[in-house]
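I've put the structures underneath this note.
In what comes next, chain A is part of two complexes: it sits with chain B in the first one and with chain C in the second one.
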Partner chain A sequence: MDPLVLTQAINVVYGVSTLAAVTLGLAVIFGLLGVLNIAHGEFVMIGAYAAFVAQWAGWPFLAAVPVTLLVCGLLGYVVERILIRPLYRRPFDTLVATWGLSLLLREAAKAIFGRGYHSLTIPVPGTLHFLGTEYPTYRLILIAISLTVVTGLVVWYSRSRTGTWIRAMIGNPELAQAQGISVRKLASATFVTGTCLAGLAGIMVAPLVPIEPYMGLDYVLRAFFVLVVGGLGSVLGLFSGAAVIGGVNSVISAVANATYGYFTMLVLAILVMWLRPRGIVAQR
Partner chain B sequence: MLNGSLVVFLTVLLPFVVGRFWAYQLGLYGLYAAAAVGLGLCWGQAGFLPLGQALFFGFAAYLSGFAFIHFLDHPVIAVVMLPLAALAAGLLAYVIGILIFRRRGESGAYFSMITLALALLGFQVATSWNSVTGGFDGLKNIPGIPGLDDISSVYDLSAGVLLLMLALCRWLRHAPVGVLWRALAQNERRLLLFGFDTNRLKAVAFGVSGLMAGVAGAIYAPEQGIVTPELVGFGLSADLVIWTAIGGRGSLLGPVIGTLVVGSLSSQLRDSFVYWEVLMAIFFIVVVLAFPQGIVGLTAPLEPYFAARRRLREPITVSPRAAPERPALLAIDAATVTIGDVTLLDRLSLCFNRAGIYCVIGPNGAGKTSMFNLITGELDATAGKVMLDQVEVSGLEPHCITRRGLARKLQIPSIFPDLAITDNLAIALWSGRASGLALLDPRLRRWKSPMLDELCRRYPFLADAGRRAAALSHGERQILELAMALLTEPRVLLLDEPCAGLSPDETATLIDALRWAVGQLRGAIVIIIEHDMAVVKELAQRIYVLHNGGLLAEGDVAAIQASDKVRAVYVGAEK
Partner chain C sequence: MSAPRLAFDDVTGGYGSTMIVRGASGAVSPGEVLCVLGRNGVGKTTLLKLLFGFLPCRTGAIRFDNCPLGALAPEMRRRIGMTYCPQERPVFDDLSVHDNLTLTRADRRLESFRPYFARFPVLESRLRQHAGTLSGGEKKVLSFVRGLAEDQPLVLLDEPSEGVQWENILEMEAAIKEKTAQGAAFIVVEQNLAFAERIADAYLVMDQGRAVLAGVRATMDRARLLAHLHV
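The block that comes next holds the complex of A and B.
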């Protein structure tokens, strides 16, 4: 195969799999708890700033992982406790509350780190000879991690006992509670899992993007549109949503410019909302 | 609500109190406040939250900026273009609203996220389309409006625009359309079943808010002389939401006070105090969750002193709807409804071809309520059809079906809890009688009808003007919802367990009232789902027994009581 075409193909795979990884945390919280966490993008931002802090302090890149887990986990726990728990089944109020949270986190980042951009050096430099073409090693690693995490989580969810409990909680919270499942703890754990996944995705993309307080906005919108297009509740939906949104965006941006890419993404999401309100892969 | 003339007086007085510098500052924020009033209309009245409201402000600002730069030598033409720029912004909002709300019942996350994305898109267009928008630097040196272009008129101009928008908003809140907005925020399904196109109502609210932002934006360009991409972007959109929330989204003046206080404080403190914005974010969260009335809520104890006196006006009696030439005709023809693996209705055929009262009985899960949902269009038939007056109605939107003379009382009493009882009843009177521009006429609030008079005589609590429907007991809510259904004077009336939860006495009164009302609705078909056999015996001319989604038996009371099949289903006897 033409190496240039192959590089482009890997680019697409890279774009889709990282988009899927960024979306995963939102999918967990929105799909399982019915809470649209608008602050999702700010948790991604926290992961990215953690990577920045690790590099600034001279720690190894992976030191950002425990820092992120600690910050996102603790914050997720507190937020679920204070903001989300009183508002389950009031989706509109959670929407406003998490929007307020996103504002708070963004302004906090601005106050602590300043308005400006930061960039990181790529932790695994160089390229790898791959299927007859040269491709940046770090991106290949990202593809592998994204695929592993998404698939692993889905397999775990469908096989493990906790996964069954969560499904019971979604189906009928009262009955699940009566069966001895602690719905509160489970919901709290699910929310924390979602925020931590967002943070981890933030670390992954940190070396490749400019890190700034407003970066979260773009991520939450993109992730949300992936879920609109792909539908909730299946790994196939997640990847097909990511493929459509990521694919359309990169193709149109390459052919025309980023504004058109963005516009097409919006139009597409509205179209899907009309024609297939449960996503393109859902059975009617 | 604050007295209108008092507000005008304070507005005129303010610049003399605060001095020239602050008057100028407030002038700038007065335009933002006008946009915030529109946001309050969407959020506090109609119950959906646009997160990208700056788009319309900035859009109109760019349009009017072009006009003033382009017609530099003919400023009169430019002034004529001002309202056009504002209208364009309103139209844009309306079209976006129609496009998004078309998905049935959507007013939550999807709407907010898409409006947010639109504002970001607007910002991208404004910064990247250099040749037209001037890119990052924006449009500069926009000439002012002739005669109003010195610095001291900034306050006057903004205050004028703001007062105009407040007057418009106040009128809309008083008009029937305002009542309908508040109603749909509380109980959209109920409003849909009264035959109102709720998606259009929401789009209109969004359109009006776009228009208000547009008016403010159109004035902004010549007043400030510069239009930059920030005016369309995320920052101003977010600020508008914060100001509206902190001021008090549900009141008319809340968004204005929020904008003037928080906005102008921010402009002073933002740079000197690093954590100011963090503080505002925390403040926002607290207000939204714990104190939805906002700053204006603090003045609630003072309200009796300043409130405008509501003049009592003569009610206007609307005549009963003209009796139809022919009695209604409703037929369900071999209808099947399946959802996933579950069959709710299975080749159900029923024909109601004479006026009168019919009862539908059947064990739980027989498909009684599903049958009603099928008739009102909330469930789609997988096969078969529903005919009303020999026209197929299956497949139409619920509000289109109910507009053809159908009314329904739901199983669990469904009313508008935060509206006054009189407003609940007024909505029912408007159903089928008023639409379009008539909904802008505040006189409709005073409607009554002969049937309403009689219902109020039988149930005096219905005439209790000041009381909110939320204060009613379960039994009273049942009566209120029934009264609302009757007031529409329907041709087909669907009642789902109207006597559930009523005492024997209340049931007897209700049967009496129902019989009287049905006598008034000449030619109407009344279908009642009821478990209480005493009620069924009392009212039913004919009984239909449903079982497993199909028709098991039909006949008069005696025939049904004698039926072995029916007994087998209820008692579980051997087949």
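The block that comes next holds the complex of A and C.
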């Protein structure tokens, strides 16, 4: 195969898998808890800034992981406790509340790190000879990690006891409580899992994107498009949504330019909302 | 008479500021079945929700083995020995019958359910199906088996026989009698008087949120009972 086409093909896979990774946290929070977390992008931003701080302090790249888990975990816990918990099953109210949260986090980032862009050196530099073409090693690692994390979480959700409890809690919270499941603790843990996943995705993409206070906006928009197109609550939906949104965006951006890529993505999202409001893979 | 397993005294409560249950009192002892009877909408289900802690009691006290329950959360009531099988949405529709049964079992094994499968073979044949595909009566049977198999000292059942075939209702009766013989106590809300008469040791009849008639089955005047059940 033509190396150029192959490179573009890997680019698409890269775009789709990182998009799936960035969306995963929102899929957990929006898909499972029904909370429209507009601040999702800001949790991605926190992860990226954690990677920046780690580099600035001279720590190894992976030191950003515990920092992110700590910050996103604590923040997620507090936010669920005081902001989300009183608003479950009130989608519009959670939307407004988390929108406020996203403004707050963005302004906090501005206050601490300034408005400017930061960029990181890529922790694993160089390229790898892959299927007859040269491809950046770090991106290949990202593809592998994204696919592993998403599949791992999905398998865990469908097989594990906690996964079954979460499904029970979502389907029938009162009955779950009657059977001794602490719905509040479980919902809190689910929310924190979502914010931590967003943060981890932020670390992963940090070396490849400009880090700035507004970076979350793009991620939250694309993550919502993925869920709109793919539908909520299924892995297949997450991947197909990411494939459609990420794939179309990468292909059109490569053929034309990024603006057309974004434009096509928006048109697609609107079409799906109009024609298949439950997503392209919805069964019912 | 042994000390009551659950006693509730002057319990008032409901949704928001609307009081559905007003000053209901009653008690059930180990090995006993208390049947709560009454027409639709008189507060029977609300009473069970108050007893299990889904709704807060505005007034009154509930004591389990002589220990006041206060504002204990439902999941904690389950942990200290109470079981609740709701009337509406009795099972997890999105989970398999198997997962419905073993949700909170550490080992996920079905061994302890074998005696129940002998009574209700329909469940065993549907283990892999989603519980949402069961008929209303089958869901009730699933909920009933799940509740009884928890082996708890106190079981609250909200209209267990609703939509259930008569032969399965008779199996329910037998299963309840087996449990009471082992010392379990039951509070059962029922519309089906024929079923209630077969299992009850005592009655509590409710009307407009109040307990209007109470007593042991043997001395209950059937005509007065019926007068409260029919419009």
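The working rule: the second predicted complex is superposed on the first by the 284 of 284 C-alpha atoms of A that agree within 3 Å, B and C clash if a C-alpha of one lies under 4 Å from a C-alpha of the other, contacts with A are read in each partner's own complex, and residues count from 1 in each chain.
The definition used in the following text is that a residue touches a chain if its C-beta (ideal position, glycine included) is under 8 Å from a C-beta of that chain, and two chains touch if they have at least 3 such contacts.
All values reported here derive from a predicted model rather than from experimental measurement.
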Joint occupancy of chain A by chain B and chain C, clash or fit: fit
Contacts of A:I211 with chain B and chain C, given as first, second, both or neither: neither
Partner chain in contact with A:V226 - chain B first, chain C second, else both or neither: neither
Chain A: partner with more touched residues, chain B or chain C: B
Touched partner set for A:N172, first chain B, second chain C, both or neither: second
Which of chain B and chain C A:P277 touches, first, second, both or neither: first
Which of chain B and chain C A:A51 touches, first, second, both or neither: neither
Contacts of A:T164 with chain B and chain C, given as first, second, both or neither: second
First, second, both or neither for A:G180, with chain B first and chain C second: second
Superposition-derived minimum Cα distance between chain C and chain B (Å): 6
Of chain A, residues touching chain C in the complex: 161, 164-165, 167-168, 170-172, 174-183
Interfacial residue positions of chain C with respect to chain A in the complex: 52, 54, 73-75, 78-79, 83-86, 89-95, 99, 103-104, 108, 146
Partner chain A, residues of chain B touching it in the complex: 47, 49, 51, 99-100, 102-103, 106, 108-110, 112-114, 116-118, 120-121, 124-125, 128-129, 234, 238, 241-242, 245, 274-275, 277-278, 280-282, 284-285, 288-289
In the complex with chain B, residue positions of chain A that touch it: 36, 38, 83, 86-87, 91-93, 95-97, 99-101, 103-104, 107-108, 110-111, 214, 217-218, 221, 224-225, 228, 257-259, 262-263, 266, 269-270, 273-274, 277
